[in-house]
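For reference, the structure is listed below as structure tokens.
Order of writing sets the labels: A, B, C, D and E. Residues in every chain begin at 1.
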């Protein structure tokens, strides 16, 4: 049953992701990326992370990508040449090779790790009973309070920084 | 509940709700014209049908059969896609808004809400935040400077006011201890949140008007300076879709106002659905009234108001509410 | 085909997205698109976190994701501001022409 | 009570030095001269008490408290008053007081009157610390303290470049000796665990083996210190230059007191030296050679003060000669008499200089006796005493030393001493005749200004002249006079000078006296009767004359052999080694880093994709390590 | 806990920090207020430190006024403060010199007064921290932290080549300290390896059994850091540059206190932690110390800049201190500690005096002066006392220290003591030669004749120092008595180890250098296998 949801969403994520990097028009890229975000949001829902899923939409799709679009439109960028004609090959080859290794590294040992890794208390039953959002909120304001505050400071700095940079 | 029945009921709810919504949208145009007409001491549409009741149908037919112009320099794909992008979020927000209590029908207990998501409020915001795409993309894809400016303005405006909008309802969330709209309505069994959250309500209302790009916040389509804003190039059915999106948004926002602050479907004597509709239309009337009464903001005033007035007040409201909740 | 999707499926998806992001960074010239590709990579990582959170029965992963999002938002704000500033000064979005860091 | 003796002048120094300018000059003068008087009074009282004690136990001690205590080593501010210290203290206070009084007149015109008296008082305090200390370290405090005062007083007229460099030279040369002395002291600590006279001198025979290398080296280190302070070969060079200081200073510090500190040190350490025959031999030879050497230079100098300065060196040589042959009491005796007559000579010279408004060249004087009667008279007494003419003080003490030298079997040294005696007679009377007798070579302007000194200067002259004439009688009869009996218990039993039989002593004394008189006669013939003959003499032995006149070129030798190489090597170190090599390597490393950086800089293409690629590769490696290392 | 019951050492650190914070809040234009406040704060710290002095128990060898609080538990580092007879004199020196340095800046510093005073107070806190910290990491924190205000003091308020000087100073020092940090960590790991407890507590680490070969390496790392700070020949070249460019107060504190940190580091850390290695290094370091004594003196002799001269004289003086430390007996070590204080006083005062004439003439070139004694009699008197203290005139403080060092060194190695005695002679040479050219003779410039003699404020700076110079010279026992027990304990800890000579040292490096357990400690931070997922719970 989950596969029925997962496979289309995964496919959508991959396709839109690929589109992001091969489409020539930045606006389309951005829109494809929004598509990826939506697909990921769906997958988050599948993973019982409703809060994250919605925040994904609000923050990424609703705010970040709008900013992107904003800038793309404001600067009115031209189209570039097809991507694969632009780059020097060695770099691409190194990149591809490294990426392949990375994939292997990621996938191969992970199974053994997860088996050994300690499991936390928040099983799906617990989460279901308490509510995903409530749990996230509780953790955020207890155990992760300090990072949370730091993040808020980062955001404040970012606001000021962005204003300073973009002025004139 | 058997799975089949669930499915049937679900489909039925969706069909009924969206059907009604489409109808409301089309007749909202008539309502608006009528109310504005009254405000301006004239009659409004009177020719098509009694009191112009068939006017929306006539308008729809006219728009349907008009020539669909796509400008030469436009980005065709996006140009076509944009109105749909605008319309869809406007409609799907409604999925989580409860418009009545449970009813028993055909032996089934049916919630009068399409789906009760435990993060319904966030869902609405998430979807609402997408509305901006339709406008921005439409404005950009038209490849027209007025359209682009309108689009950019609208995106800036919507992002700005979305902030205050979101912050204004935090008080409600704190009081109801839930993000589910059904539970928020449930929490208003004794007191409506408009009583407990008058400031939150006011901010929400103002931001809601801004979010829907309606007067006095209709800068994106300010005729006097931008001709018609982001949809200046649009015609025919695509134009109709933008139009519908605006009114659908209005309904959604009004429904949200009702749900969050006015006790939702709650009320004495009358059936819940009726109460819900009454409150909904009262809010919509308020919107139209505002449009008939207030002049348009200047753009800098608008931004300043959003960031320097509404945002701090909303934050203060949260602090006060938090103290209140903590002390309770 | 089992009923539940295993962790590895998510990880592979995540890795694939990450790789696509990397590829984007490597092959594109437009700063904005490169930036988007980076966002893509961030999202890939987020997916891993959420997946682990689910399979290890711990909410920490989701919390981290929230932090990542917050930081990403900050990053985008600054990044875009920089891009605008760059554009003003250089009239170009081409990374090959932006090499002020060249030693 | 003993500790008050040095403290009083110290207080006087502080008062006069710090607030003297704000008080009436008379008051300052009274304080400045009052403190030595008080010290003298106290010394005399202590001396009287000492005399009342049994001969073998004459010792007064007093201690203020602990000074340095570190680990197993400790030393105190302790003072001791035994016959040796008593003699020294009396001489220092007595002569010091007279010179203070003299200075009232001599320095009356100087604008730094207060500074002068403050320093003089300070010197007195330090000198008294030196002679009264009951341990070597406190002695060293006084030792360096008098050095400092000497430095500041030589450079009193510091605006004269010559005075400034003379002061520096004096301090530095002394410092060389002091360095050796410090090494001696720390060695003493290692050997004895203490620097107390009591401990060291009592334990010496048990700790040190007679004639051992350790004993020799230790005593020699102390002796090097003494040569610095007492201006012996090879560290005498500062003393002639020190004459740039005001004349009372020369009289007090560079004749009567400070320069005798070395004598005092060796005499005080007699039990140590007694264990080191080699050292004693060296002391004797250095003393003897210095005596002759300085006398030879004095023969041809023309500066009135320098001649007296070389004479001082020469007389100090006599004293060391005496000490070196074990005649400690004789050395101290000569120290005492010398203090009187040399102070007298200097003060008389000062009176002359005062009268001549600063002129010091004897070739421009002559016939002064008729103008400066008191001065000439007292100078004559001093010269006779210095030349060792009976019955003046110098005769008795010098005679005793030479007798002891002869008796100890040092024939060559006796000959040197006798020759020096002749030289002494010659140069003293050359000075006297050229300055006071004969025709006046002064210009008219000078003559009109010529005047005898004020009473405050004349009084000390007269008193000192009396002393120079009579003080020798405390040592009569030789070997068993009052002084010798008083000092006897201080020195080790074996050190009682081997007295020759009286007859031979008389013969020797007459011989030496004859040589001295011969010197005087020669001076009379060459310088008074027929000055041309002296020039002819110089022309006949030009090499000898030039050697004497240029002081054996020792200053030049030191300049080329020590000073210049040091400065040159220092400059090389500073400019080449330090700047180029040490600092250069530091900067070189920095430059290397910069070079490496500029090479590595090429890696920084400025292309963001390149950077990201490197990040990626790094991530792959890191992740690979984590994933596959377990 | 201290006898007073209060955390007095922490107060000593915190008060200047708070003072700096208060200054931050004051309007920078109110310079007079800022100056007075800074002076008051640092004086308050001095008064507090006098309480420490008064309540210090001379009979106790161990640490007193100990304060301990958990700090970084995960690595076993704690907030651990304390003083003993070794650090007490230096602590007092620091608190004593800082107000004087601040007072000295009243006229010399005209720009950015507020920032300057803040730097001074931070510097004071850092310096005090260095002398009272007993935890390696805490010590390192203060050690490096104190560089920052000093960096600014030289870099902002310095002379013409200030940037070069300050960079050189900081980089030089850093280069050494980084190695020291590594060695500190290694010490802690080795300790953990043998006892299973991770700690940076110095008192606990002392007496640990580190193998000889490893000790050599660790000692070398510590020694390098400290030797640079001292500075020992041949690591001294930052010193003249830093001194010449630093403002007066900077020079005073640099010479007066900062240099002592190196020598103090040897005494507090390098020797007790690695006694056998210290013994092995003794010949090498003693030789370098002697070279430093003679070299510094010779080079000082030919300098034409007064500050450079004094800077090189510091190299020479600190050579004495190093020589004494490595003689490793009670007299020598006590002499060294005393000499650190003496050098702080006399050189500090020399820099003050040089600063005073610099303020009047705006030059420090010796050839520009001459005959100043006539124009500036009060100045001359102070200068004389300080000069004499510097060349070790008996009766003043310098002599006591030098003499004890020489006496102790002679016990350990006669040759070194004799060579060092030559240094005493040379000290007189360069100081007196300078004196002769600056203070005596005829003035070589007309401007010199119209200078004002030092005033009340300047006397207020100099008088305390001069009184201390006299007091220590005549009565060093109060200080020496407080050192006795601690120094005896230190000597006992260190001197028990076998002595080695230079060839053996080199062989030790070559053969026993990187022993397996050392390598293990360095390269595998944690003995358990690591699992990246561990922390994800």
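By our rule, a residue touches a chain if its C-beta (ideal position, glycine included) is under 8 Å from a C-beta of that chain, and two chains touch if they have at least 3 such contacts.
Predicted, not measured: the structure shown is a model, and the values here were computed from it.
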Measuring from CA centroids, which chain ends up nearest the centre of the complete protein set? E
Compared with subunit B, which chain's mean CA position is the farthest off? D
Chain pair that, of all pairs, has the most C-beta pairs in contact: A-C
In whole angstrom, how far does the Cα centroid of subunit B sit from the Cα centroid of subunit C? 33
Distance from subunit D to subunit C - Cα centre to Cα centre, in angstrom: 89
Please compute the C-alpha centroid of subunit A, do the same for subunit C, then give the distance between them in whole Å. 6
Interchain centroid distance [CA atoms averaged], subunit B/subunit D, Å: 111
Note: subunit D residues in touch with at least two other chains are 609, 613, 616
Can you list every residue of subunit C that touches 2 or more other chains, as numbers and ranges? 22, 26, 52, 56, 58, 60
Within their complex, subunit D touches subunit A through residues 609-610, 613, 616-617, 619-620, 623-624, 627-628
Could you pull out which subunit D residues touch subunit E in their complex? 66-73, 137, 140-141, 143-145, 148, 151-152, 155, 158-159, 161, 163-165, 167-168, 171-172, 175-176, 178-180, 182-183, 185-187, 189-190, 566-567, 569-571, 573-575, 578, 582-583, 586, 590, 626, 630
Under the touch definition given earlier, write down the residues of subunit A that touch subunit C in their complex. 1-3, 6, 10, 13-14, 17-18, 20-21, 26, 29-30, 33, 36-37, 40, 43-44, 46-49, 51-52, 55-56, 59-60, 63-64, 67-68, 71-72, 74-75, 77, 80, 83-84, 86-87, 91-92, 95-96, 98-99, 102-103, 106-107, 110-111, 114, 117-124, 126-127, 132, 135-136, 139-140, 144, 147-148, 151-152, 154-155, 157-159, 161-166, 168
Residues on subunit C engaged by subunit A in the complex (per definition of touch): 1, 3-5, 7-24, 26-30, 32-33, 35-37, 39-40, 43, 46-47, 50-60, 62-63, 65-67, 69-78, 80-85, 87-88, 93-94
Could you list, by residue number, the parts of subunit C that touch subunit D in their complex? 22, 25-26, 31, 34, 95-96, 98-103
